[in-house]
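Same chain, two partners: chain A is paired with chain B first, then with chain C.
Let's look at the complex of A and B:
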């Protein structure tokens, strides 16, 4: 077996801790009730409601409890958002201050406000959106091709032991090749345009997706397989209804990892080779000594990465809401 | 109905290695409720996996209604002990119950009827749109039973299905099982390690001795419908319990 170095469910701990938070909150809320109704554990709702109730205490209003819970959750969300915004503002103010008082040389670190003013101007006039589009174009084409290649191959390798062993060394050799080492080759073969970017992205993102697909397919619970077999599901149905859904969380993680690598590669290719896109704009701004613009563009690349990641997370949350890492609730 | 003759199962390539099941023979009649009682590690699960056609037997014969079992038969359903893993978490309760029906060639409308009926039989009609993980353990096992019932099997194999729920839930599930057994008119082969459970449920109890073969057999002549309190107070119940206890115990001393 390949040692599992890839992060398989990176968001798990994060999601878990949020989940824990919800639970503690819930416990606290139920404790407020005049006589906290335990969340019925078994289907015997009657057993819970028929439980002893102290004399004189009014029956706990379920609706009342629910609305209190909602209010508390809402308040927590607002506070959470406030904290995050405050964190960002603190860092920005500190940077601004450092730059204004000369702690950081204004030649190399222009005040944050100037950078953001430049960012506003870029968003309005400069062909910023075209550049973003160019970068994302490479990103998208690369990811799509890598996915189309990696998923079927991963399924094949994951479901067949011989094929898996057969391919292991090749995978282990190709996977760790540093992506930038391929840039000269890519330029030689594909020139400096989109094709070169796409080639790099496909070659590098193929591996994490492939590995995640292999793990996902190999990790299907044997009991689930037995269940499907005992109900007479033919192999094709077992694949579509059982293997693929249970591998989906792994594949989603692979895609999310691939997405961020692909963005890095797209920008790198633009920076190093000068393919059109955000990376090239950064170089141009730098060579014209337009420092605020350079910083603004760097911020844009950060925002693009963040946006892509958010999109992936939102899709995962929607499609994988059954998975333990995405669940918002437990048995009730 | 179900005939098992000289069943033998050895894991691994060496046929002379210690068998998990050896020389096992028994029959289960039509609409009979048979419990197989054995302590852990006596080959119960292996035996069930052979009977269900999930793994091939090394030698011996299994025939269901005169037909040799080589792959999972269409008129057999299997309920596993580990409900949380045998239900598919990405499907709602309703879909979990309904999805095997399509592969039995049942059309959508009939599948929906069978599903509703089965969920109703296990008392979960209002929970169809929930996900299994939103339900408690006992309810999840009821979903697994509903899935088996909707499949309309003639024989239901159950592998310690109530071993991982609490005692209260367990007796509820036992009564539920007896109810649906009568309502659905099926044969049940129920594996357990719990003597009381075996007597309470069964028409007949077979005691397995490792490597799984029938070491002892008792017929349970307790009246039906059975009752968790009164049935267990009957002198006959106590007598059977003693007999089975000795059968299990004697074997473990001998082994």
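Let's look at the complex of A and C:
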């Protein structure tokens, strides 16, 4: 073993350097990868994923270097966690201080500690979870219906240019319409309840999903498609093996955007017209002058939104590990 | 030529068919919720040319523009700050993520308590909802600035303000504009929502009040006006973005080659604007060289 390596040293180093070259090239390419995928409307290439510039990039020639790198990364992770906690604590204690000192009047801004105590009491009781369930119920039904409608139509419009041009003006016109303008109409037609919420959510989340699907389907690499066609793959197989996987990241982004819009709409509908749910209970708490409860409920709403967003991001990352837009994070 | 004409006809066929279909259907359907299209048009002319423009449309638009402008200023300046400092960015991340995920309408009761029922609370809600896309995109844009240019600028001792205005902001502007486009839609939505709660004028108030008093054609005119407003503002924004970012598309070679006139203009603007981004200003450069010598 040893003799061999000593004999072949030149070629081995050559190989290693070429391997290194490959690695750096790969890093370059993958660093540009995500930018090629339009991050779509929201553009939330999450702030968590550190850019390629900030990663320590010493060439890990030996196992020793790699372990040092890992230790460094570990230390950095701990420090980042500390920074995050410190950031949250700073904001919370600043608010607490402002309220206690009287910079923010206690009439309308109770100390944060009281809000959190109320939050604890609420979380122990039953009604809070019922309200969350009501809000999420409308959210879920709306998203599912919108997805079931938007994906087939998007695939159709994306794969057929005539159909796309036929419907382009309608899509472009309906998309920027402020969704909430339809709340009165929805109340008239469906009354105050789940149907109204679902109608609003479906109408509004339909467009971002549709657009993402259309872009995704149109963005399939023509070379891959031609190859599949020249190998005689039937249309159904072409769709399942080429079009759908290639459009999947776009669809996932569309769903994530739709999820946050749907939550906004659900809360708005509850707040404005009083459909049962988190938004309505915020209004009730406010009109009963239960301020800590109101703030606790607002915090709960934010947490629900944050949790939904995180879940969608995690699913996206998990399902699309193979896609270049996600691969960078796994590679490093 | 005939092909282009056919294409335009194809694009217009569906909208025309939809409007005509609704017109024909509503004339004979006699549905209370969906009044005849002609009636809606009559009401529209009566209400919005220009009877209620001053009392409802103008306050709405002013509030929205104020909130949108403030969120651009706050979002870009905070974004540059957070984008340049890793420590600050990491520390602010959980708070930003939380506030971004919080549905802005949930804050309406809070802002009512804080600012009362006047314009302040509505502008506050608009800012609080529409600042996040701009902020996050600015952060990403600043982080995506070519590291070599920054190192170069630092090596030439370009002062910080010049680095920000000449290198970082131009390089981040495509991302910032992407965020601003998203924010525009959010600002319009929040304008309407904030007017639906505890308000006495504005488009959102008008639409909701019409529905509550069962003035159905009035409600429809409001909805149509809001649709037109969203469409027009979006179109205006795209025009502005195209003009401002023309140099960027020219640099990236994204300008359509077929339209030679536009392409040339793009290249000309690229030649005049782009060097401001990658190269440090010449006067500062020479002075710093002198001081070094």
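Heads up, the rule we're going with is that the second predicted complex is superposed on the first by the 257 of 332 C-alpha atoms of A that agree within 3 Å, B and C clash if a C-alpha of one lies under 4 Å from a C-alpha of the other, contacts with A are read in each partner's own complex, and residues count from 1 in each chain.
The rule we apply is simple: contacts are C-beta pairs under 8 Å (C-beta built on N, C-alpha and C of every residue); 3 or more make two chains touch, one makes a residue touch a chain.
Being a predicted model, the structure only gives us computed values, none of them experimental.
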item	value
First, second, both or neither for A:226, with chain B first and chain C second	first
Contacts of A:182 with chain B and chain C, given as first, second, both or neither	second
Touching partner for A:234 - first (chain B), second (chain C), both, neither	first
First (chain B), second (chain C), both or neither touched by A:247	neither
Which superposed partner A:275 touches (first chain B, second chain C, both, neither)	neither
Residue contacts with chain A in the superposition, chain B compared against chain C	C
Set intersection of chain A contacts, chain C complex versus chain B complex	41-44
Residue ranges of chain B touching chain A (in the complex, touch as defined)	49, 52-54, 72, 74, 76-78, 80, 82, 85-86, 88-90, 99-100, 103-104, 123-124, 131, 133-139, 142, 151, 166, 168-169, 172
Residue numbers on chain A that touch chain B, as the complex places them	40-44, 221, 223-224, 226-227, 229-234, 237, 241-242, 245-246, 248, 322-324, 327, 329-332
Footprint of chain A on chain C - complex, ascending	7, 10-15, 18, 33, 86-87, 89-99, 101-110, 112-114, 133, 136-137, 139-140, 143-144, 147, 175, 178-179, 181-182, 185, 188-189, 191-193, 196-197, 203-204, 207-208, 210-212, 216, 219, 222-223, 226-227, 229-231, 233-234
Chain C contact footprint on chain A (complex, rising order)	35, 39, 41-45, 47-48, 51, 53-54, 80, 83-84, 86-88, 90-91, 108-109, 162, 165-170, 172-173, 176-185, 187-189, 260, 263-264, 267-268, 271-272, 278-279, 282-283, 286, 291, 294-295, 297-298, 301-303, 305-306, 308-309
